[in-house]
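All chains are identified by letter, namely A, B, C, D and E, in their written order; residue positions are counted from 1 within each chain.
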Amino acid sequence: MEMRNITLRFGGVEAIKDISFDIREGEIRAIIGPNGAGKSSMLNVISGFYHPQEGEVWYKGAPRPSMKPYEVARMGVGRTFQNIALFEGMTVLDNVMTGRLTHMKASLWEQAIWWGKAEREEVQNREQVEKIIDFLEIQAIRKTPVGRLPYGLKKRVELARALAAEPSLLLLDEPMAGMNVEEKEDMSRFILDVNDEFGTTIALIEHDMGVVMDLSDRVVVMDYGKKIGDGTPGEVRSNQDVIEAYLGVPHE
Amino acid sequence: MLNKIFVAPFAEMVEAPDFLMQVLWEGLVSGVLYSLIALGFVLIYRSSRIFNFAQGIMVVFAALTLVGLHEMGVPAWISVVLTLGVMFGLAVTVERVVLRPLVGQPDIILFMATIGITLFLIGFGEIIFGGENKQMITEELGIPTGDFVLEPFGGLLILQHIDITAVVVAVLLVTALLLFLNKTRMGRAIRALGDDHQAALSVGISLQTVWVLVWFIAGIIALVTGIAWGSRAGVSFALEVIAYKALPVLMLGGLESITGAIIGGLMIGMLEKMFEIYWGGPLLGGNTESWFAYVLALIVLLFRPQGLFGEKIIERV
Amino acid sequence: MLYRTAGQFKTSYRTDQALFPIRQDAFLLGVILICAWVVFPLTASEFTFQTLLTPILIYSLAALGLNILTGFAGQLSLGTGAFMGVGAYACYKMVTLMPWLNPVVAILLSGVFSAGVGVMFGIPSLRIKGFYLAIATLAAQFFLVWLFEKWAWLYNYNASGAIQVPNLDIFGLYVSGPQASSITQYYLVLTIVSLLTYLAINLTRGNLGRTWKATRDMDIAAELIGINLMRSKLTAFAVSSYIVGVAGALFVFMWRGAAEPNLFDIPLSFRVLFIAIIGGLGSILGNYLGAILIVGLPVVLNTVPRALGIEVESALLEHLNIMIVGSLIIFFLIIEPHGLNALWRLIREKLIIWPFPH
Amino acid sequence: MLDAAPAESSDLLLEVNNIEVIYNHVILVLKGVSLSVPRGGVTALLGGNGAGKTTTLKAISNLLHSERGEVTKGSIRYRGEVVQDLDPAKLVKRGVIQVMEGRHCFEHLTVEENLLTGAYTRGDGKGAIDADLEMVYSYFPRLKERRRSQAGYTSGGEQQMCAIGRALMSRPETILLDEPSMGLAPQLVEQIFEIVKSVNEGEGVSFLLAEQNTNVALRYAHYGYILESGRVVMDGPAAELRENPDVKEFYLGVGDEGRKSFRDVRSYRRRKRWLS
Amino acid sequence: EGIYTPNLSYRTGPFAATGIPLMNGQADYMAMLNARDGGIGGVPIDFDECETGYSTEKGVECYERTKAQAVVTQPWSTGITLQVLPKTNTDNIPILAPGYGFSPMANGKVFQWAFNPPASYWDAASMIMQYIAGGDMGSLSGKKIVLLHLDHPFGKEPIPVLEAMAAEYGFELVPIPVGLKEMQNQSAQWLQIRRERPDNVVMWGWGAMNAGAITEAVKTKYPMDQFIGVWWAGHDEDLKQVGADGKGYKSISWSMPQPDAPVMADIKTHVVDAGLSQQEDLNSVFYQRGLVISMILAEGIKAAQDHFGKGEINAEELRWGLENLDISAERLEELGMTGMVPPFKTSCSDHTGHSGGWMLEWDGEKFVQASDLLTADAAFIAPLEEAKSVEYAEANAPWPVNETCE
């Protein structure tokens, strides 16, 4: 995945100004920057929700034509959202099952009569989903409507839904916002495991520097639409621009 | 056929400009009346995201109360004041009984509740006022009747005094409402409430006060509308269906927009009349007014999903 | 104790996904089915068939159709009445043009036409959302009713502009028209309604159902995780309108016997919407509960004073009726905005933990 | 287990006494929470996800009603007066205002209008309100830049500032702050807590803040409560809590041998000592 | 107990304004008979209302509710009539739809159970056209007649016969429909009328449509004396809206208020003074028409009682009674109702009676008689009735036809 000279405007606001960077297969790539820097917008560009006015998105070595978001998702780009976007009216299990829908092929009629293909498919996919549920340790809440879950669990369910699609590129928008250290530790472990076990490439936005520095292979730093830093965590941490714009005076 | 669609109507417009002017004027007047109902809708929608289906019946209810009180021997202007009192009572009741327990529910539930209110008011009103058609007390209220007959281009153009009055009143009402919403503390609170009632509660905006106020204003608008419509065709429960004319106006103009309600009303009023006269009647068997406004609104929405003046729907993830 | 779910373990995903995984539910369903298939028909009077049993079933089916669109896929529709009309007129044209056609086949086919029309009016839903979408369905509502009035071919150039259901038979047994008996019609309706309900349950719990619910709950997110919104919304419109169309055909052929265009106007749409909402959006069972309430209530209200020997003027009674129905709608919305179905679920949850309060 | 804070009762602004909250008639969320906020203090409410922090704050500010939740037991007093049946607006008039979790700005209003609605309950004239507006802008210069844009289009951080600014506009005595740091850049988090501190010290406003970010919260707070699944499991002065080994391990992520890297977290199941 | 004659009334809904005086008239006449004579032939009448609000659905419910005991069904709306019409064949209950319903119902051979005396809508159309023609149908040639009608089965009822007449006599017919939602705002229709410049406007209106049309006519200054309505468009209250401005408006009617008729005195003493009436204006056209409607039913019951020699007749016997109505001038005199309805007779094959009617004119305050008795052109209408009724029977085959009628 490679972003080339992306520029994105909303009316008068230039949310992203001429940014290029790449994401290598199998790495964990972090995007950081102050609030309103355009990080989420960048993810939205990658997943096809926003169409940049200028620039191109290259995917797997070729420029990606302009597509509908669902087509992008079907190409193997999964994501979670900054403000949780679960389907509130459904149970956890159903939510995660929606993640598998690109893998289900039974026709309307087959689903209506349920026998045969539809049922077989349902059971097979259920097994896949149960694996992910096990992996993320959310077995106990399988049948709970997501509307009733606390924030942290919702984030986990969102991750489960994204993983269910078996994406090759996973975009995570602030997966650990609103969590305490313990939960962040759990979440970090999941992210690392996903990366290790499935070899999934991950792009991650996060404000917790501890997490970013520890997990990511490389970091892009954005500030008001511009790229001000790119490199390994160590390089970025010592970059003066980055410190001024974002990190502030380090504590600890 | 093509001639009938593309040539003949325009030829007729040119040949009989006085008739065209009359058509436009009638459309304009109907449009103003549609707008008045739509205004009531907009106000309530803005403050609570409630799509108040009961606005139509409130018009009937207000007008019947006015006429009913007058029939009981109360002088016209005092009846107006008393009717306003009744509308205030209605606002308080609705707030207490319906809105307060339903706060925070999904839009469609509240919409359904307003249909419940509509049914209740129909039954209640018919018990009290009976189903007969009543005459609006136009003269008693000092509203001018009669007409101006003009002769532009040697033709004939009839302008009713009551229609002119309705137009003037509507303009005043809209101006007042716009000022109220945009320039006052209360107006800002109303708009805030529409966006996020939880947050509004948390900054200390009292839902009760705002809702009673808003429903009361909607009641005032209903009374004005009732007088205007009633002067044209009498007051009866059949008037309730005019709510259906206000819906497309709202959608076309944008649910939150006062300006939209006015422009939408005028557009729909004039265009539907022209369509019916020049195309619908001759070519389609007439009565196209029953759907034209909806189809027009639908077409506009296809290009602007939030209506002409509605607030842009913020879609972010 | 009666409703204890503990101890009912599932050992495979297949059994866990069975239609009624909980034993008590299956039992309850059995009782209801026996009532519907055996007890009611044996005991009901002509009046009960005509004013309660048959209409409740037909309205439930219409509400089920609407519920798929509004409750499951989240697309508000105020045009149900007109789509029922499309089904009814399509059925009428089919049986008059092809008198040899089996009436049941005709009824099931008539849904195809309303599905087509539904999809057409559903296309704007790709751009227009929420209450604004109501305009598209209202446009359908008013335009179609107007069309039923103006397009004389639809009612075979009848002088009155209304359609009259002919006497139709299956193997010599009249199933529609004045010659048909209420009980035959009831069984026919019950069969079709049961069948469509079964199919609808399967659709809503399967993959398509999840797609619809995702679209309803958050369409942007749905699209970003790979749901083709266009397909999702349009299939919802198609399936929903199909069911609604069949309900419309049943409405006229199995119950009313005749119909004027006006019958399909907005009050009918609202009625069905009431049923769906009072019953509970996004539920299947709710449609039946809602229909029982909305159809049964006025009948009961009309009968009660008479039965008690109280003389109430019929006009006053009617006014009171309207008032009571209006108040009850509000009342039910307040006690449980998510409908009777949710109320039932709450009772179930309480039963499970009974005798503990929580 | 420790009981409620040992502060003198005359100093107590807010007292929550053993409250129980049920959602939807069946879901019991708070199982007897007691806490108190002294005048002029910054009190932190800590705890993991779903512990019930938000619910506690909403119970105090009476916002539960519209979520079908209710307080079924216990009492809430503000300045000695029972407030749990008051409507939220009245509470704001008494000086308690909540900044809700997830910002909740008025999307279609401009930033400035958002701030002005904060002053809704005030009756002290336009001059005073304008002065406070300037004060808020001086705390949050970024808001001044974006004063004319619709709040719905501003970024998360800007919205958080807007929400806090809006609360300040009502000249409150107590602010209930729910997860102010969520989703904010580290620099901003510091900045917001600095503002909390200066408002607290400068204007004497008391704070009750619910936070996940224990580290920062304990640095700025005077007193802390730790909530776990609907119960207060620990409380004490912030400085003490910071030194508590359990808190260190579970909430600060600092083990015996200093801060662990997130990479090295092993997947063993830990148990909190007080739950076992 | 007594003879149960339910009325499917509509005192609510959009048509209530026209319904209420009619329902009052019907109820008061029966109350008067009960009070004065102890019913009919000594048997009290159980006159009951079942409210439909003009909705077909409610109407069918009322029909089902009442049919077990009722001797007659009085459906009132065209929609309900159409719906119950086929059912009456199997339920064997006569429908009595005086002056409304479905014009081909006149053919008693086909519609054995349906009655619409004393005149049908097609009669009305024929009488109106005769009145316009002034006796010479040839004079209609080249004229332009607008039919302003409700867009509803009721409103479309006269179209077939008017079209046939237009073809026969060479006038131009321009139907202009009024939608149910436009009843109160007919500016488009009246603009069209202004453009068409018709010689006459004929109105088939009901409920709120009438008041709407008349006010609009006044507004657009359409000459009132060229404006004629069907009998349901001749309601005093509608015209009072415009008062003197409505002077000259006409309405064909098969009934005529007679304030001084002896029956009115009986109504006053036995019903009004006894506090049993809800009616205020006893001289309104619709109220008195309601009285006549109940009289027709009462006469049918009486005929049946006399023929079968018993008091408690059943539905089937009432059918005979309604087929053998003989409302002669003498009988009207006996009833104290001279001049309230033209004399007429029904038979097995003629379920209408085709009584004819008078043109009423609004004089600014009330309706007054404006013509001698007009009668429909039976020769013109009969073939049409025959054709349409046969068509109906065919479409609804198997449809029982009464072959015993001559």
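The rule is short, and it goes like this: a residue touches a chain if its C-beta (ideal position, glycine included) is under 8 Å from a C-beta of that chain, and two chains touch if they have at least 3 such contacts.
Per UniProt, the chains are A, D = ABC transporter ATP-binding protein; B, C = Branched-chain amino acid ABC transporter permease.
None of the values given here were measured: they were computed from a predicted structure.
Asks: Going only between touching chains, how few steps reach chain E from chain D?
Replies: Steps on the shortest route: 2.
Asks: Give the label of the chain whose average Cα location is farthest from that of chain C.
Replies: Chain D.
Asks: Measuring centre to centre with CA averages, how many angstrom lie between chain C and chain D?
Replies: 48
Asks: List the centre-to-centre spacing of chain B and chain C in whole Å, with centres computed as mean CA coordinates.
Replies: Chain centres of chain B and chain C, defined by C-alpha means, are spaced 32 Å apart.
Asks: Between chain A and chain C, what distance separates the C-alpha centroids? Give it in angstrom.
Replies: Averaging C-alpha atoms per chain gives centres 41 Å apart.
Asks: Which positions in chain C are in touch with at least two other chains?
Replies: Expected reply: 146, 149, 220-221, 224, 315, 318-319, 322.
Asks: List, in ascending order, every residue of chain E touching at least 2 other chains.
Replies: In chain E, 11-12, 151, 177, 179-180 touch at least two other chains.
Asks: Two or more other chains touching the same residue: where does that happen in chain B?
Replies: Those would be 126, 131, 244, 285, 287, 290, 317.
Asks: For the complex, which residues does chain E have touching chain B?
Replies: 11-17, 19-20, 151, 175-185, 187-189, 191-192, 194-195, 207-208, 211-212, 215-216, 219-221, 237-238, 240-241
Asks: Inside the complex, what are the residues of chain B that reach chain D?
Replies: Listed in rising order, the residues are 103-104, 185, 188-189, 191-192, 194-209, 256, 311, 314, 316.
Asks: Per the contact definition, I'd like the list of chain C residues that touch chain B in the complex.
Replies: Touching chain B from chain C are residues 70, 76, 124, 127-132, 134-136, 138-139, 141-143, 145-146, 149-150, 220-221, 224, 266, 270, 273-274, 277, 281, 315-316, 318-330, 333-334, 337.
Asks: Residues of chain B touching chain C in their complex?
Replies: Spelled out, the residues of chain B in touch with chain C are 51, 97-98, 101-102, 105-109, 111-113, 115-124, 126-127, 131, 244, 247-248, 251, 255, 284-285, 287-288, 290-291, 294-295, 297-298, 301-302, 305-307, 313, 315, 317.
Asks: Which of the residues in chain A end up touching chain C in this complex?
Replies: 47-49, 68-70, 73-74, 78-79, 81, 85-90, 94, 97-99, 101-102, 104, 106, 108, 111-114, 118-119, 121-123, 126-127, 130, 161-162, 165
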